[in-house]
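Two complexes are shown next, each including chain A; its partner changes from chain B in the first to chain C in the second.
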Partner chain A sequence: MTYYIIRRILYAFPLLLGVNILTFLLFFVVNTPDDMARMQLGEKRVTDEAVQQWKEQHGYDLPLLWNEEAHGSGKITETIFYSKSIGLFLFRFGRSDSGRNIGSDIYQRMWPSLAIAVPSLLFGLIANISFAVMMVFFRSTYFETWGGILCVIMMSVSTLFYIIFGQFVVGKFLQLVPISGYDTGLNAVKFMVLPVLTGVVSGLGSGTRWYRILFLEEVEKDYVRTARAKGLSEPRVLFTHVLQNALIPILTGVVVVLPTLFMGSLITESFFSIPGLGSYTIDAISAQDFAIVRSMVFLGSALYILGLLLTDISYTLVDPRIRLS
Partner chain B sequence: MIPVFFWTDMLIFLLIAIGLLLGFRIAGNELLRRPWRKVARSRTGMVSLVVLLGFFVVGLLDTIHFRFAGSGSTGQEQQFDSEPLSLFDWWAAPLRASDEKTYSAPFAVQLYARELMLQEDSSKAWGYPRLRHGGAHLDDPEQERVADLLTTASFGTVKGLLAAALIGIGLCAIRSRSLNTDRIRENITEISKAQTEVPWRAMMVTLTLMLCVSWAVADLSLKYHVFGTDKVGQDVLYQSLKSVRTGLVIGTVTTLIMLPFALSLGILAGYYRGWIDDIIQYLYTTLNSIPGVLLIAASILVVQVYMAKHEENFNTIAVRADTRLLFLCLILGITSWTGLCRLLRAETLKLREMEYVQAALTLGVKDHMILIRHILPNVFHIVLITVVLDFSGLVLAEAVLSYVNIGVDPTTNSWGNMINSARLEMAREPVVWWSLAAAFVFMFTLVLAANLFADAVRDAFDPRMNYLHL
Partner chain C sequence: MRRLGSNINLVVSAVLASPLRYAGGWYPCVAQIAGFLLVMAAPLSGCDESGWNNPYPEVEASKPILYTSFSERPKHLDPAVSYSANEYALISQIYEPALQYHYLLRPYTLVPLTAVAVPTVIYRDREGQILPVESDEKKIAFSDYVITIQAGIRYQPHPAFARSGQGEFLYHDLSPDELRGIQSIADFDHTDSRELIAEDYVYQIKRLVDPRSHSPIAEFMKGYIVGLSELAGELEGAKNKGQGLDLKRFSVQGAEILDRYRYRITLRGKYPQFQYWLAMPFFAPMPWEAVDFYYQPGLVEKNIILDWYPVGTGPYMLAENNPNRRMVLVKNPNFHGENYPGEGEPSDASNGLLTDRGKLLPFIDQVVFMLEREDIPYWNKFLQGYYDASAISSDSFDQAVKFSGAGDVELTENLKRNGINLETTVATSIFYLGFNMLDPVVGGGAKKARRLRQAIAIAVDYEEFISIFMNGRGIAAQGMLPPGIFGYQEGNEGINSYVYEWVNGEPRRKSLDEAKRLLNEAGYQGGRNPTTGQPWVLYFDTVATGPDDKARLNWFRKQFAKLGIQLVIRATDYNRFQQKIRTGNAQIFMWGWNADYPDPENFFFLLYGPNAKVKNGGENAVNYQNPRFDKLFERMRNMDNGGERFRLIQELQEIVRHDAPWLFGMHPKNFSLFHGWYKNLKPNLMATNNLKYQRIETVQRESIRKEWNRPKIWPLVILVLTVLALTLPAWLLYRRKLHATAF
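Let's turn to the complex of A and B:
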């Protein structure tokens, strides 16, 4: 087990290196720092001095991979690849193109993101599973047919509409909660209601369908037939036997997204102006701040890989039949 | 008039050609035809197919581009307009030309905002000025408007009914011909009682509804703005119809681009295993681990910088917008091929242990022949299901991406751009809701039809739904 985990952690390095090289190619080779400077400075006729000055300010005035002018190990370290990409491995994100410290920004903005993402996931899970269990319980009745139709209809509405309708009806028309914004401490709760609600509702259609299939598959199995043959009532079979066994795929499906919750949701956060990492990323994209986008790409990949690792580990914990090797 | 081909246009034509080729292939093979028969028997599937075809016709009309002769033709050389128009633009020319000053509500005859107007006695007063096009033919709008709306709509509906009746008769005739009977009346009773194998009645009802509604809307749109006008006074109906093409391009061209990669890499990884498998797995895990939206954002930024640098190659707005659309498809393809690749790899791993593949190996059949003859046809159903399932997701993704400003070009008509510009209007007092409503109606119909059709296809090709757990 320990051996396996160590091997998996080691395997994460080539993956992260791959991500790093890919972002390096995208940001520094396809587009040279000169292009970036011109784009940042905005005007069509930018003098070469201005470009040079911008590059110096942001530390892009180094060669890409190999510095001929430096001595010793400086040949490698005094390059853009080393200074901009390797630092990410140690989670040293450096400064953004507008001069802010990315690391401390991320640390600050992580919490609002989590405050929205965790309840959304939790309530969403509860809602999806309860609806799915109900649909399986009332299978081959009108309830299931109409429930299925409702799911498809809900799936076909864009997330954007859920948010806009939610903001309009709950926030503006009924005036129950503020439309957007965020606050510190307990005051944040009233700002969290609407984002979490829209998050849950928008995921309900596809989520219910997904879990329904999972439960249906489980209902066909032998142990369920045995339980029924023993004379257990259908609710008992469903809620104790089936639900317990279906929790294994549900759990592993959830574990994989856990680390990425830190990243927050781009759309929700920017709609509700929540100062989380999602809106941070969007702001960076619209301000064309390459340093922040690069950091977020790396952070997101690292968290995803961590999620994969956690999934494997959680598999062995909940299902002893699976041996990792 | 000279035809113009954008990159996305050509890819759509290529897609249609591939579709036709596959269609002929399937039609000539009973084994391949069987699952499609099942799709044809599904009522929701066929009804949604009719709706999808309606969207497809609009999108296709909007794909055939021409450069029309300009008005200012001087000298010997004929001048052409710099911005090409599509067949749809040409057909919907009245809609395109009927610009107003600013917002106006659906079926309105007056502007939505008050203006300082010159009165008859040359004094100035605040009031709602009449629209330039919407209801301009009415002398006394307050009295005549409702009656005019009703008559126009009912005339349109009647035209739609007539067209549907013609199509219905044609259908009966073709059907009796292919069944080798002359009894058309019997045929009509069969269809009207829904006793046919293919749900013709449901399809005809849908078609009739669609024809009636669209004809009524088309007739109305000549006199009014059916979905109102937006901030710069453009007809919202026209915008939403133009957006159909964008949605379809994103939904289909993306799959076309990713398919070769996913198919070849997935099959190779599953068939050869060993180090080839390792490399391909590494490749898709790496790509998969980058958050999709961020990869798209990064790539769109890169494309923008590239286009800013090579301005001379992207000289018109249309070319720029089209390039960006194509790149968006490309990048969406790159972020979405990994799922299919993984499914194909797992299926190939299973297939290569099958007796017939082993037999082919023992008989000395070359690897590439085994891959093409024995593996490829047997993973085809996975490809098809994924393609159909992905479509609606991609259409929805376009809206979200355009909202974040990393989607299609702001000048391209798309539902995402419509929502993006409309969301601030919800905060206005009184609310401007029609842009949003139009985007919602069109997008919802398309995505719902696509979802229902995808369900029918999936049920027919893979009733056990086991692909979910591969």
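Let's turn to the complex of A and C:
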């Protein structure tokens, strides 16, 4: 397995390089270094000299990908792409174009993202599995039929609706929790209730349907029939045997998203004013801050690759039949 | 805290005790869910029945704290760099330039802030001889401003000033070990202060050309302050040689320290508007200790930088700067003290704005800027009393404001009942439709093109635009100057006679027939090309970012279509748009300007020939050239306000109305709402250091908030009962199935 992990890590490098090149090209197709300078310097009284000086200060006065005037390896190394990218592979994100330390910002902002994403995932899982099990338990009854219809309706509604509706009902009408905001430590709990609740409810339709399929697949298998033949009650069959076996795909599905929880959710963070990483990237795109954009895309890619690797490893842990080679 | 923690456990255990574990009995489980929902809310309230939704700590309820918000984190808090309203909202409370605007008086009047008096300009000729004030501008080679600051003003407590018993700075040479526990400026154990001196103002002027600062006004000020350009060269040279940039070692001829409390700024030629710059944060004092402190690499690594942690003498200091959540200003314990103004406009006394005359400022202990990205949550929290003031977004306009039969604006009954007040003021800004004067069709001084522009100016009905797209929040512009700027004229004399006529005591847009007549005169018969018979095609360059823009752009198309002209929209992103303007590739475009200071020069310079965008990279975005205009502008800009200047301004207005390089669009009107407990609020479009004048009636606010925010539990009970009712048949069904026999 060690060999497998090392190989996968080595595979990650060309992938990350590709993502980095793509981000670079897409960003600079839309924004030129001059645009970035003007964005940072403001709109009033900006002179060409000031723009040039800003570019020199921030290393954007070099050619983008190929430096014709340089010699030898300088043709590649004396470019914006090389000078801005090489540190990323060492997870040195450097400074944003507005002068802030990106690593420090990411460290600070990942906690609020996690504070929302982890409970949303956890409670979401519990709620989805509970409803899915109930639908299987009451299969072939009106409960399953209407539950399925409700799930489809819930899937069809935009997350934004859940957020605004949640803010209106829970925050404004019932006045039970703050409409938006965030705090540190345990004081954060009352701010987390509404975003977590909307996160769980908005994912309930699709989650329940997905887990229901997994359970239904299991419930018809031979070992379940055997369990029933042995006289076990339906609840015992479902909760002891079916649930345990259905957890394998659930677990692997969860593991893949675990690393990306750091990246936060754009809409939730924006509407609830959660100071997480989701809004960090969008703010950077709006501000044409290439340093942050490339760092966040790189981090996102690296975490996604890590998630896939962890999934593969988790297969071997939950299913003894699988071996990595 | 323990209580809250234990209830979190309750939440988790209640969720974990899901139906899966209670297959043998559903009723206890449902009851538990109901209990969970109720219990969950209890700890959030701090044991108080009201204000469960209070986003602030309960202990703050009775304190004079102002709550406001920001949607986008300020880019810069360094006074040499900051140049936008959201940044000024913070730093103007911290940094104190020598001058400020009187809070209540109109027209806007400069008064001393840290200075003893508003400086009187001294003119000198090339030989340095003092000239009389009324001297011919051509003879004036230099203008001197000698500023005397008050003695005894002290900086806020700050670690940059902290010294050991031996007099050495404690934190100017931090080792990695010392840096380990430092995450923010509040983590330093020791702070100190020192007196404000003239040197600090001169130091800041040098910072304007410090290559590390990137001040947006560096190039502009190099043209005025004597020796600043040379200093910039020296600093650049020192930087390139890898030498330190200790600004104390460098001097600038035009910024001279006369003694501990006096300094002199020398400008080339005459530039009376410079006094307004002296009221802007660019010319606020900066202690060298702070700059030395913040340039330590270890602190820069941790984002503890001058651009993020200001050091000033103002009424407030930045105690918490977490742009990801909130920024908090607290009273500066070393504030030198200032009294609430004793005079104002005649209506100020009746509006209660002089109740606090003579009282010591500031009234508010803390100002909390909360991150609030979206309008809807902000608006709802304002209605709950958790924000003290609010603008009106398009989403909430109908909830907030209605128009009376006479067209007057008033609050809706609901808001009036809640004691909310509305304040409106016309901004010192203009939005206009610019015609690129380099364009062969719409540009140039030829009669044909001028008639075309005048015809378009009549056809594009900005009153309708304001009504449809601005909810009535604006007034159609009659010229370059907005109300409140010297030279603005109301009534018949102030209208744009090429577009409006004066009817029944108000301006009325000329008829479309008049526009068509002008178009015919221009040779565009019926808006068609006489050779091909096809409609004339004009191009409108604009920034369009979302679906909301579509209606606006369609409206513009329709306005041009009234003349038979086909308008092609060339929508693009902001970068490309700016590039088109810079290179002169746009034909017609929309642009705007917000005044830096209340002087007509700050508007007319936007059409001054030498400021042409394409040729000289200036702010004349339409590249208008008119020697007569330029000559009159050169005379007007350096005159003191008076009859002659007023006359010249009217002449300038007449020229641009006639030439029509701009289609004068509108001056936006700001609508702001504030609660009854928020006192001393008067819009001041020039002053940004207003928070010190404002006051909160905390007792009133606390009781109203409690009244408005009583949690409602009954809908939850109904919800639980409904779920129960819906689940019961399923449960019965299951029981029947469980007990059914196989045959």
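In the analysis below, the second predicted complex is superposed on the first by the 289 of 325 C-alpha atoms of A that agree within 3 Å, B and C clash if a C-alpha of one lies under 4 Å from a C-alpha of the other, contacts with A are read in each partner's own complex, and residues count from 1 in each chain.
Here, a residue touches a chain if its C-beta (ideal position, glycine included) is under 8 Å from a C-beta of that chain, and two chains touch if they have at least 3 such contacts.
In this text the structure is predicted, and so the values were computed from the model without any measurement.
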First (chain B), second (chain C), both or neither touched by A:180: second
Touching partner for A:320 - first (chain B), second (chain C), both, neither: neither
Which of chain B and chain C A:137 touches, first, second, both or neither: second
Between chain B and chain C, more extensive residue contact with chain A: C
Chain B versus chain C as contact partner of A:272, first or second or both or neither: second
First (chain B), second (chain C), both or neither touched by A:193: second
Partner chain(s) touched by A:54 [first = chain B, second = chain C, both, neither]: second
Chain B versus chain C as contact partner of A:35, first or second or both or neither: both
Touching partner for A:239 - first (chain B), second (chain C), both, neither: second
First (chain B), second (chain C), both or neither touched by A:153: first
Overlapping contact positions on chain A, where the chain C interface meets the chain B interface: 30-31, 35, 38, 164, 167-168, 172, 270, 288
Residue numbers on chain B that touch chain A, as the complex places them: 282-283, 285-291, 293-295, 297-299, 301-302, 304-306, 308-309, 392, 396, 399-400, 403-406, 419, 423, 426-427, 431, 436, 440, 443-444, 447-448, 451-452, 455, 465, 468-469
Residues of chain C defined as touching chain A within the complex: 1, 4-5, 8, 15-16, 18-21, 23-24, 40-41, 43-44, 52-55, 57, 72-73, 75-76, 83-84, 211-212, 214, 216-220, 300-303, 305, 307-308, 322, 324-325, 370-374, 376-377, 380-381, 383-384, 386, 573, 575, 578-579, 596, 617, 619, 709-713, 715-716, 729-730, 733-734, 738
Residues of chain A defined as touching chain C within the complex: 30-32, 35, 38, 40-42, 44-50, 53-54, 57, 98-101, 104-105, 108-109, 112, 123, 126, 130, 133-134, 137-138, 141-143, 164, 167-168, 171-183, 186-187, 189-191, 193, 233-236, 239, 243, 270-273, 275-276, 279, 283, 287-288
Contact set on chain A toward chain B in their complex: 14-15, 18-19, 22-23, 26-27, 30-31, 35-36, 38-39, 152-153, 155-161, 164, 167-168, 172, 213, 217, 260, 263, 266-267, 270, 281-282, 285-286, 288, 290, 293-294, 296-297, 300-301, 304-305, 308
